[in-house]
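The structures considered in this document are given below.
Two complexes, one shared chain (chain A), two partners (chain B, chain C).
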Partner chain A sequence: MSTMNLIRLELKKIKRTGFLPAFLGGGILAAAVPAVNTAFRPELFAGLSAPPVSILLGANWQMMSMLNVLLIVAGACVLYHIEYADNAMRKMSTLPVRESSLFFGKAAVLILAGVLLLAIEAVSVFGCSIYWFSRAAAPSAGILKSFGFFLLMLIPAALLSLALASACRNLWTSLGIGVVCVFAATMIPAQRFALTLFPFAMPFQMPVNHTGDVIRNYAIAAAAETIVISLSEVIILKVRRIFA
Partner chain B sequence: MSFLSLVKVEHQKVRRSKIFLILILAAVILWIPSVLNADLNFGMQAVGISPENSFFIQGFMAMAWFLFPAAMVVITVLQTQTERNDHGILKMLSLPVGTAKLCMAKFAVLVSFSAVQVLMSVGMYYISAAAASHTQGYAFCLPPLFVFKEACMMWASAIPMLAFFWLLAVCIRTPVFSIGIGLASIVPSVLMINTKVWFAYPMAYPFFVTASEYGKLAANLETAPVRLIPWLPAAALITAVCLIISCLCFGQAERR
Partner chain C sequence: MNIIETQGLTKSYGGFTAVSGINLHIPQGSVYGFLGPNGAGKSTTMKMFLGLTKPTGGSFVIDGMRFPDSRVQILKEIGSLIEAPSFYGNLTGEENLDIIRRILGLPRSSVSEALETVGLTPHRKQLAKKYSLGMKQRLGLAGALIGRPPILILDEPTNGLDPVGIHEIRTLIRSLPQRFACTVLVSSHLLSEIELMADHIGILNHGRLLFEGTPDALKRDATFQGYPTDNLEDTFLALIDADNRQRGGAR
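Right, the complex of A and B next:
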């Protein structure tokens, strides 16, 4: 089956699981964070001299990224739960489709959902910076760059949570491990660069806090983790199939 | 069937779910950073808290703000999924047991698991405090009576939150929504504890209570004190409403 067909199939499967409404709702909730936070205390932020995008993200990105990561983890668990519930997985494994292509189909859907999340949030940050910080020119380039970075940082987390979900038959096991990983990520001190490369910790990083070199290192690390997680998942699925 | 034997049956159902392994993992992950960064507790003179108190309360605050509520969401998922797999709930509903009683028995199991999670954290606290005492050459262990008092307060303040999560698990049958709303509702508690209406938001209770204890332990830090009025009536009302609605909704979809 072609990749496009696989993605189409995955989209069809999630139709009645509430996956897309959940991401839409979550995106709107995360997008409301900067708007509500700034609306309640505009005097606190309006006086700052930093660029509006930095102010808005600095004040709100912790919460927004937390919502993003939690949604990605929950979404990944549900994407595999629909296969494991009622043994749909057995039927899938009799089809002439590799289990790894199933994984990548789901990964594509999850990353698309992540794009949706970030797009809603980017629109909100753009709106907030126009509304409360109109003194500067529309900072669309800065927002696009920041959210492109956020997307890149979200991909390893999405793949890893999907890999966890594919490994556990039970919804609560994968969710439990995912939640504990997210918690561990929030406990990682920001000064330890090597530790912040933990896939679940990367979505919390903000480009405005880092110099160009560090941003480049994060981007390389994200790309490397994406490749490593994908390759290991392919191998794990193959081995599991042999011993199944 | 008596309520107690129903609770026993519910315990039996989740016995082999490996949920305890996840809860232990959570408790271990909670305290590892505290042991590794134990030296930071000596630099807290600015807030006027002793190193051993700081070690204890920082760990408990991290738990109360995210890990504990999130673990409870996972347990509600476990409880609802074990019933829905292979339509186990249909068999339960065919028994001569009231659905409300069944619902409350499951809630009792949830409450008991939350107590287990708190106890595990206390146990891990003592292990990690001993480890930190060893590495830092400073006694970090606090008297058990004090630790249990704090743990009990956090656990008791979490019961309205558990009722809310239980309501979500029972009434929202789509897993992604019940999980998503549960986890997403935890995140704003950081903002809610700083507002005047924190008592209206059950997810913020454990964090508020623990943060308020932090204020008591730190001489130079002002945190909002726990005022029983209007908190207790609000908490009782929220708990009652959540439990009544979940008892009414329980098994509705299967009985159509």
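Right, the complex of A and C next:
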């Protein structure tokens, strides 16, 4: 099957699961964070001298990214829960389609949902910076760069949660492990670069806090993790079949 | 010509042998009835044909192909219904079939045809989760038939159906080789049921193949060995009983 068809197939499967409404609602909730936060104390933020995007993200990204990662973890669980709940997976494994193809179809859906989240949030940050920081020119380039970086940082987390969800037949097991991993990730000290490369910790990183070199290293790490997690999943699925 | 052939096919779970060196010959275009009591190894054998579980010994060929090299190719040729119903509970019957249709690359019309064939058309918009057991079984059958595959593997397809449903599905299965030019491997506990559908029979007990051949050959064999033959069900029970006693004696 073509990639497009695989994605369409997975989109058909998530009907009535509340997957898309959850991401839309979650995105709007996360988007409200900078607006509400700034609306309550505009003078505090407007008085700062840093670029508006840095101020807005610095004050709100921790909260916003937390929502993003939790939604990604829950979304991944839903994507596999529908396969396991009524044993649809058994039917799938007797059809001429690779289990790894299904995995990558789901990964594409999850990453697209992540794009949706980030897009809503980017619009909000853009609006806030225009509304409260009118002294600066419209910061669209900075926002695009930041959110491009956020998307890259979200991909390994999405793949890892999906791999976790595919390994656990029980929704609550994968959800529990995922949430624990996310909270563990928030406790990782920012100065320990190696530790912040934990896939669930990367979505919390902000480019405004780092130099170009460090940003590049994060980007490389995210790409590397994406490849490693994908390859591992393909191997795990193969091995699981052998021991079935 | 045999479309499925096994040579000494064996499956062991730890020390327990579920399928023990069986040699099956399933002729193309036949309805092959796979018969045996609970735990005989019918489902296990069928799962091996679908690549759901790996043989621990022996081998088999399906339409000239083998696992795992031709896995996807073999699965393109098989429509299957194995044990417990499997479906997406959050989707309707129709949407469930549409998922299968997309994977098999079939035209849109195949979904309504399959629904019609198994008599699910009035319930097509209902969530599969809310189906009764018999309706789930029909949905599974529709999912097996939808691609008009050359090989059908049906594990107790009449399980959970009412008497009318059983009759319908039996008639359907019997008509399949002519309608779709396919081979059907169908399992059951009841010889009386298999007798009505199958032109070839394989009898399995404790993982071993006790008999393989036509219903007539079974009668001849049974008469020769002094088993009752006025009723084939009695023949089957006598055969299983003799085998169990022999196994008991060997222990």
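The rule we apply is simple: the second predicted complex is superposed on the first by the 244 of 244 C-alpha atoms of A that agree within 3 Å, B and C clash if a C-alpha of one lies under 4 Å from a C-alpha of the other, contacts with A are read in each partner's own complex, and residues count from 1 in each chain.
Assume a contact is a pair of C-beta atoms (placed from the backbone, for glycine too) under 8 Å apart; a residue touches a chain by one contact, two chains touch by 3 or more.
Because the structure is a prediction, the values reported are computed rather than measured.
Superposition of the two complexes onto chain A shows chain B and chain C fitting side by side, with no clash.
When both complexes are overlaid on chain A, the residue A:88 reaches chain C alone and has no touch with chain B. When the two complexes are overlaid on their common chain A, residue A:26 makes contact with chain B while staying clear of chain C.
By the touch criterion defined above, A:214 reaches neither chain B nor chain C. Put simply, more of the residues of chain A are touched by B, taking chain B and chain C as the two choices.
Rounded to the nearest 10, the superposed model shows the Cα centres of chain B and chain C diverging by 90 degrees about the centre of chain A.
In the superposed pair of complexes, A:176 makes contact with chain B only, with no contact to chain C.
With both structures placed on the common chain, the touch criterion links A:234 to neither chain B nor chain C.
In the superposed model, A:17 lies in contact with both chain B and chain C.
Once the two complexes are laid over each other on the shared chain, residue contacts for A:67 go to chain B alone; chain C is not touched.
Fitting both structures onto chain A leaves chain B and chain C with a minimum C-alpha separation of 9 Å.
Residues 17, 85 of chain A lie at the contact with chain B in one complex and at the contact with chain C in the other. Considering their complex, residues 50-54, 68, 72-73, 75-76, 78, 80, 82, 84-91, 95, 98-100, 102-105, 127-129, 143 of chain C touch chain A. Interface residues of chain B facing chain A in the complex, by the touch rule stated above, are 17-19, 22, 25-26, 29-30, 33, 37, 62, 66-67, 70-71, 73-75, 77-78, 81, 85, 174-177, 179-180, 183-184, 187-188, 190-191. Chain A makes touch with chain C in their complex at residues 1, 5, 8-9, 12-17, 82, 85-98, 241-242, 244. On the side of chain A, the complex with chain B involves touching residues 17-19, 21-22, 25-26, 29, 37, 63, 66-67, 70-71, 73-75, 77-78, 81, 85, 170-173, 175-177, 179-180, 182-184, 186-189.
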